[in-house]
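First up is the structure itself, then whatever we jot down about it.
Note that the chains are named A, B, C and D in the order they appear, and that numbering of residues resets to 1 at the start of each chain.
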Amino acid sequence: MSIKVRYFASLKESIGRSEDNLESSGLATVGDVWHSANPNKALPDNILAAVNMEYVGLSNPVKDGDEVAFFPPVTGG
Amino acid sequence: MSIKVRYFASLKESIGRSEDNLESSGLATVGDVWHSANPNKALPDNILAAVNMEYVGLSNPVKDGDEVAFFPPVTGG
Amino acid sequence: MDIKICPEPFDPWQEIKAYQHSAKNIAGKFGATSIFIGTMRDFNEGDDVKGMTLEHYPGMTEKQLEKIVTEAIRQWPIIDVLVVHRVGDVLPNDPIVLVAVWTSHRGDAFDASRFIMEELKSRAPFWKKELLKSQAERWLVKNTDGYL
Amino acid sequence: MDIKICPEPFDPWQEIKAYQHSAKNIAGKFGATSIFIGTMRDFNEGDDVKGMTLEHYPGMTEKQLEKIVTEAIRQWPIIDVLVVHRVGDVLPNDPIVLVAVWTSHRGDAFDASRFIMEELKSRAPFWKKELLKSQAERWLVKNTDGYL
């Protein structure tokens, strides 16, 4: 399956990448996507996740073609 | 003593005057001012009163030179 | 702080913009601006309204508005306030009242602008007489509670 | 209803005025307009701030703002809503966000505009990085609760 992973703001800076394109099987949840894209790095505290631009929890399932995003708490407005 | 009395809005229309200049002794309170200026007319319900542009009750004392106003509930904004 | 009674139509955006430019000391200092504008509608209580006359009590109106703004400044950390209220003959779609509050933080701006509007509605001596399409005139009798 | 993401500075008064003119069907129908404007300050947490970069997640930002406005429309009798949010490089005194809500009655306008601002602050994917006078950069970490 193919998953696009996106990072924003301070998380993007600390990881040093704005996106990954994962091609791998066995990705069941958003948490799996993080670990597959960042094998040596625990997901930092407070990081939010979205699938196809909707907020989700880390146990949310993912499917082929999804866009998964990770980012810190929002500070707009 | 000399008291200027002012009326506004629907009260002004129903009385048919916008002001009275009272020259009389024995005016102790705002209520006295109303009755002196309008001897045959009870103060209508809900009418508000002000002395020198501050809200007061009908039992508020008045003194020579005061401006006393009567008007219906306000509807600005 | 400025409080204005306008006998002519006013443009609320122009009023705010001009005031904000003139109050140069607040530039860069405020983070939040909360603005309320009351506008005349072309209907009320089921009737078509052609126009309105806004009467006030010159002197007392300004005095009461100043008291209201002073009370707001005592309650919230306010940087600046502008209040503009129309009087005289008003047409549908004309702005009637403008309240603008500048603060550091948004909660204070929302709370203070609403407080000023509610107090203005209940205490500032203005009276509205509507002219209906039927040519009938009627005095409005009571303002509603804006917190409900 | 309109939601705009602005990569360039915007004039909030011009935005509201133009929107109100373009939405001709609302003229004469609304009695209340509640507006909130968030503006960049030249200081924060005790430091002088030279500028700010506002990052967002194109697509998700618009989607979340639409959801927020739709929720507001479901909760209050709203006539129209305009939301404008700046992105990119921002200077002190630049407007960052504009929320305008048109309703018949003032309580609804106040409640709905505040709701939209609070939800925007907590859910719309924007992130601020400040550039201090000292040349240091720092990401803001958390928005405060505007109801407190």
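Everything below uses one rule, namely that contacts are C-beta pairs under 8 Å (C-beta built on N, C-alpha and C of every residue); 3 or more make two chains touch, one makes a residue touch a chain.
The model shown is predicted, which means the values in this text are computed figures rather than measured ones.
**Student:** Once the contact rule is applied, which chains count as partners of both chain A and chain D?
**Tutor:** For chain A paired with chain D, there are no chains in contact with each.
**Student:** What's the distance between the Cα centroids of chain B and chain D, rounded to whole Å?
**Tutor:** It comes to 48 Å between the two C-alpha centres.
**Student:** In angstrom, rounded to a whole number, how far apart do the mean CA points of chain B and chain C lie?
**Tutor:** 27
**Student:** How big is the gap, in whole Å, between where the Cα atoms of chain C centre and where those of chain D centre?
**Tutor:** The answer is 22 Å.
**Student:** Two or more other chains touching the same residue: where does that happen in chain B?
**Tutor:** 77
**Student:** Could you tell me which residues belong to chain C and also touch two or more other chains?
**Tutor:** Within chain C, the residues that touch at least two other chains are 38, 106, 117.
**Student:** Once you draw an edge for every pair of touching chains, what topology comes out, line, ring, star, complete or other?
**Tutor:** Topology of the interface graph: linear, an open chain of contacts.
**Student:** Name the touching chain pairs, would you?
**Tutor:** A-D, B-C, C-D
**Student:** Enumerate the contact residues on chain D facing chain C in the complex.
**Tutor:** 13-14, 16-17, 27-43, 92-93, 104-107, 109-110, 113-114, 117, 144-148
**Student:** Within the complex, which stretch of chain A touches chain D?
**Tutor:** 6, 8-10, 13, 50, 53-55, 69, 71-77
**Student:** Could you pull out which chain C residues touch chain B in their complex?
**Tutor:** 38, 54-57, 59-60, 63-64, 85, 96-97, 117, 120-129, 139-143
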